[in-house]
Amino acid sequence: MRSLYGWLALGAGAALVVLAEYRLNDYYQRVLAVVAINVILAVSLSLTNGFSGDVSLGHAAFMAIGAYASALLTMPASMKLLALPDLPAWLARLELPFALALLAAGVLAALAAFVVGIPVLRLRGHYLSVATLGLMVIVQVVALNWQTVTRGARGLNGLPPLTTLLWAYGWMLVSVIVIWRLVRSPFGRAMLAVREDELAAACRGVRVVRTRMLAFVTGAFFAGTAGALWAHLITAIAPASFSFFITFNVVAMVVIGGAGSITGAILGGVLMTLLPEWLRGIETSLAGSGRPLYGLSQIVIALLMLLVMIFRPQGLLGGRELTDLLRRPPPVRPGENEGAVGRAPR
Amino acid sequence: MTYLLQQTVNALNLGSIYALVAIGLTIVYGILRLINFAHGDMMTVGAYVALAALSALVLPVWSAMLLAMIVAGAIGIVIERLAYRPLRGSREVAMLITSLAISSLIQNSATMTLTAQPRPLRLPAELARRFEWAGLTIAPIDGLILLLSILLMVLLSLFVKYTTIGIAMRACSERVWTTHLMGVHVNRVIAVAFGVSAALAGIAGVLWSGKFGLVDPFTGFVPGLKAFVAAVIGGVGSIPGAMVGGYLLGFAEVFFVAFAPPALSGYRDAFVFVLLLAILLVRPAGLFGLEEGRRA
Amino acid sequence: MLHIHDLHVAYGNVDALKGISLEVRAGEIVALIGSNGAGKTTTLSAISGLLRPKRGQILFEGVEITRLAPYEIVRRGLVQCPEGRQIFARLTVAENLRLAAGHRRDRSAVARDLERVLGLFPILGERQQQIAGLLSGGEQQMLALGRSIMSAPRLLLLDEPSLGLAPLVVERIFQVIADLRREGVTILLVEQNAWQALRLADRAYVIETGAITLSAPAPVLLEDPRVKAAYLGG
C-alpha cells in the first residue's frame, strides 16, 4: 500500500463500501458481506492448504468456535439471563465490544488449532486432514451437548447484528494484508520450502513443524474471526450451521482459485460465493414446479473441483499472484512442472 | 454381568462394521497413500441399493446384500478410473481433495434424487425381531453382522495371502515402481483394490442401516471417518491392523457410553476423535503400523 | 534385439537423457558404464516403460515399445532387475518369486524355472517361507536376480548388480550372469563397477551427463586411457 495507486484504490473501495452500506437492499448487502467473510476464510485456508502444503479441513470447526465465542461475549446480559440462565456468573455479566469479541474468537480458534496441531503436524500431511475433520465432529458434538452454554440443537438466536459491510470489508482488508505480508516474509519462504521438499527444507535449517504450526494456527485465527463475523451477520447459530459443507466450500475456493496464491484465494472466495448463490436461485425456482433440486449447487461445485483437479490442478491462477500477471513475466517456481514429462506411470 | 455381556454384543456388532470399512480404507491407503474421504459414502450407496432391492424389487435379503456389494464395488472401480487415475503421479493432496469432491458429489446426488429425508430400511421380520435370551436382548441381525463380517474377513485374508493379485496388492503397497517391473498390471491391481474396498463398505452400509433402521444421504460419512480412526489404531496400511482396530474402536465406543456418566453419553462421537488425537500423540504408527507415517 | 534411437528424457525442466542411441544384439552382454547421475538408471527406466521419453524410439525385436505400459514390456521378455535392495521386504521369498512369474500361463515352465533358481541359489530354497526383509544384502541381490529369472527374460536389464556387496557375493552374481548368457539370455548390464562389467561384457557404452560419449568392444575400453582414468581408478 505504499504507492499512490494503493491509497487511491483503498479510498475508492472504502467509498464503495460506504455507498453499498446505505444504498443497497438487505439481500445484496448480505451477499456482499458473505463475499467478504468467504474471502477471509479462503485466504486463511490458503495459508495451510496452499502455502505449507497440508490440507486442513478444520475451517468449519474454527468458525464454529469463533461464532459461539463471539456470540456469548457480545450478547446483552439481560438476554443471556433469559436464554442461558445457567451460564457461569463471569460470562453471564460480560458484554464486550465487537472488536474485542472478534479477537477473542480468533484466539480461541487458534488455541484449538494448536492443540490439534501438536500430535498431528509432525506426521504426514494426511493426518492433519483427518484430525481436523475429527475436530469438526468434536466441536459439533460439544455444541450439541453443552446445553448450559450453547443451548444445544436450538442454538443461539437474536445475536446483535454487528457485522456491517464496513466491519466485514475492513476486517477482510486486515486479514489479507497480514497474510500477504506473512507469505512474503522469510517465514513464507520457509513454508514454500517445506511444501516443495520437506527434507531439503529441514536440511537448510527450516524448523518444519514450527513453520507448519504457525501457518495452521494463523489460518485458524482468521477462520475464527470469520465465524464471528458470520454469526453477527446471520444473527442465529446452531451446531448444524458448521457442517462439512462449510469446510468443503472453503477448500473449493482455494482449490479453484489456485493453491499458493492469495489473489487466487480471493478470486475463489468471490466466485464460490456468487456461483452457489446464483445456483440456489435455480434450485428454489424449480421448487415451484414441484421438483426442487436441492443439492444442485453443491454438485456443481464438486464437479468443478474434480475438473480443476484433473485439467488445471494448479487452479485458475496457477500458484501465481494477480499482481505477478499484471506486472512482469511470471516467475517459475521450482517443482511447478513436476511430473509434466517424466511422470511415473503409478 | 448380563449388562456387560449385552454391551459386548453391541461392541462386537459395531466393531465388525468398523472393521469392514477400515479394511477398505487401509487397502487403498496402502497402495495409493490416499485417505479416501469418499469411502464412507460407499456405505450409503450399499444401504440405498439394499433398500431398493428389498422394497422395490422384493429380493431376498442375501441377494440384496450381494447386489449392494456388487453395485458399490462397481462404483468404486468407476470412480477410481475417472477421478483418481488421471491424478497418478501428481501431488498426494490432489487425490485427497478429489476424494472430498467425490464425497460431496455422492451425498448431494443422493440428496437431489432421493431427498435428504431418512428412509426406513426394514429387514425381514425374522432377522430384525428382538428376543430375550439368557437375560440379553438380541436379534438375529446381531449374529448375522458378526458372522458375515468374520466370513468376509477370512475370505479377504485368504485372497490377499494366496492369490497372485493379492500378493500383487501387497507388493504395490510396498513399492509400486518395482511392482511394475515384475510384469504386474498395476492399474488392474489398483482397480481390484478399489472394487474390493468399496464392496466391503457397501455391505457394511447394509448391515449398519439394517441394524439402525434408517438410510439418508449422509449415513456413511461419520462411520467412514470413524473407520479411519480404527485404521489408525491398527496402523494404517495393515489389513490385520484394520480388523483389530475396528473391534478395539467398537469396544472403546460402546464401553464409553455404557460406563461413563450418563451426562457424557452424548459425547460418544467426540470421544472417538479425542481418542484419535491421543493415539496420534502417543503411537502414530498404531498397533501393527509401519513407521512410514512419521515425517522425515 | 534392442535398438534405442535418439532417446530424450526429462524430469520437469531438467534434461536427464539428451539423445541416447544404443543397440544390444541377441546373445550379447553389453555394459553401460558411467558415474553416479550420468543417466544409467534413467535409461533403464525409460526402456522398461516407467518413464515417458520426451523424444526418441525404443525397439525390441523390431517392434516399437516406446509407449507400452511396463507390464506389456515385461511380458514380451524384456525384464529389468532393479538396483539395490528393491525386493519386497514384507513378502516371503516364495511370494517374491511367484509374483514375478504371475503373468506366465505355462505352469510347468514356471515350475522348471523355480527349480532352476533354487538350484542356482540354494539359500533361497532354505528361506522360502521367510520374510524377504530378513535376508542379508547378498541374499537379497540373489533373490532379485532369481525373481528376474522367474519372469522368463529374453533380454535382461541388470541395474548395478554388484552395488554394496561383498567381493565373494559379487563373484557369485557375475558367475550366474555368465551362465544366463550361455543359456541364451541377452544382457544389458549397468554398472559403476566398470572393471567387473568390462571383464564380462562383449561391448560397452560410456554414458556421461545424459549422453553416450564412447562405445567400443569391452577389451578395447579396458585399455582406453580415458576410461582407465575415469572409471578404473587410473
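In this document, chain identifiers A, B and C correspond to the written order of the chains, with residue numbering beginning at 1 in each.
Following the convention adopted for this analysis, a residue touches a chain if its C-beta (ideal position, glycine included) is under 8 Å from a C-beta of that chain, and two chains touch if they have at least 3 such contacts.
These numbers were taken from a predicted model, which means no experiment stands behind them.
Farthest chain from subunit B (centres taken as the mean of C-alpha atoms): C.
Looking at contact counts per chain pair, the maximum sits at A-B.
If each chain is reduced to the average of its C-alpha atoms, the one that sits nearest the average of all protein C-alpha atoms is B. Between subunit A and subunit B, the centres computed from C-alpha atoms are 30 Å apart. In this assembly, the C-alpha centroid of subunit B lies 42 Å from the C-alpha centroid of subunit C.
Chain centres here are Cα averages; for subunit A and subunit C they lie 52 Å apart. Counting partner chains per residue, subunit A has residues 338-339, 343-345 touching two or more of them.
Across the assembly, subunit B contributes 177, 180, 186 as residues in contact with two or more other chains.
Shared interface positions of subunit C, i.e. residues touching 2 or more other chains, are given as 49-50, 69-70. Here subunit C touches subunit B in the complex through residues 48-50, 69-71, 74-75, 79-82, 86, 88-91, 95, 98-100, 102-103, 147, 151, going by the rule given at the top.
The part of subunit B that touches subunit C in the complex is made up of residues 164, 167-168, 170-171, 174-175, 177-187. Interface residues of subunit A, counted against subunit B in their complex, comprise 49, 53-55, 57, 115-116, 118-120, 122-127, 129-131, 133-135, 137-138, 141-142, 144-145, 198-199, 202, 208-209, 244-245, 248, 251-252, 255, 293-296, 298-299, 301-303, 305-306, 309-310, 313, 338-339, 343-346. Across the complex, subunit B meets subunit A through its residues 33, 35, 37, 83, 86-94, 96-98, 100-102, 104-105, 107-112, 115-116, 176-177, 180, 186, 221-222, 225, 228-229, 232, 266-270, 272-274, 276-278, 280-281, 284, 292-296.
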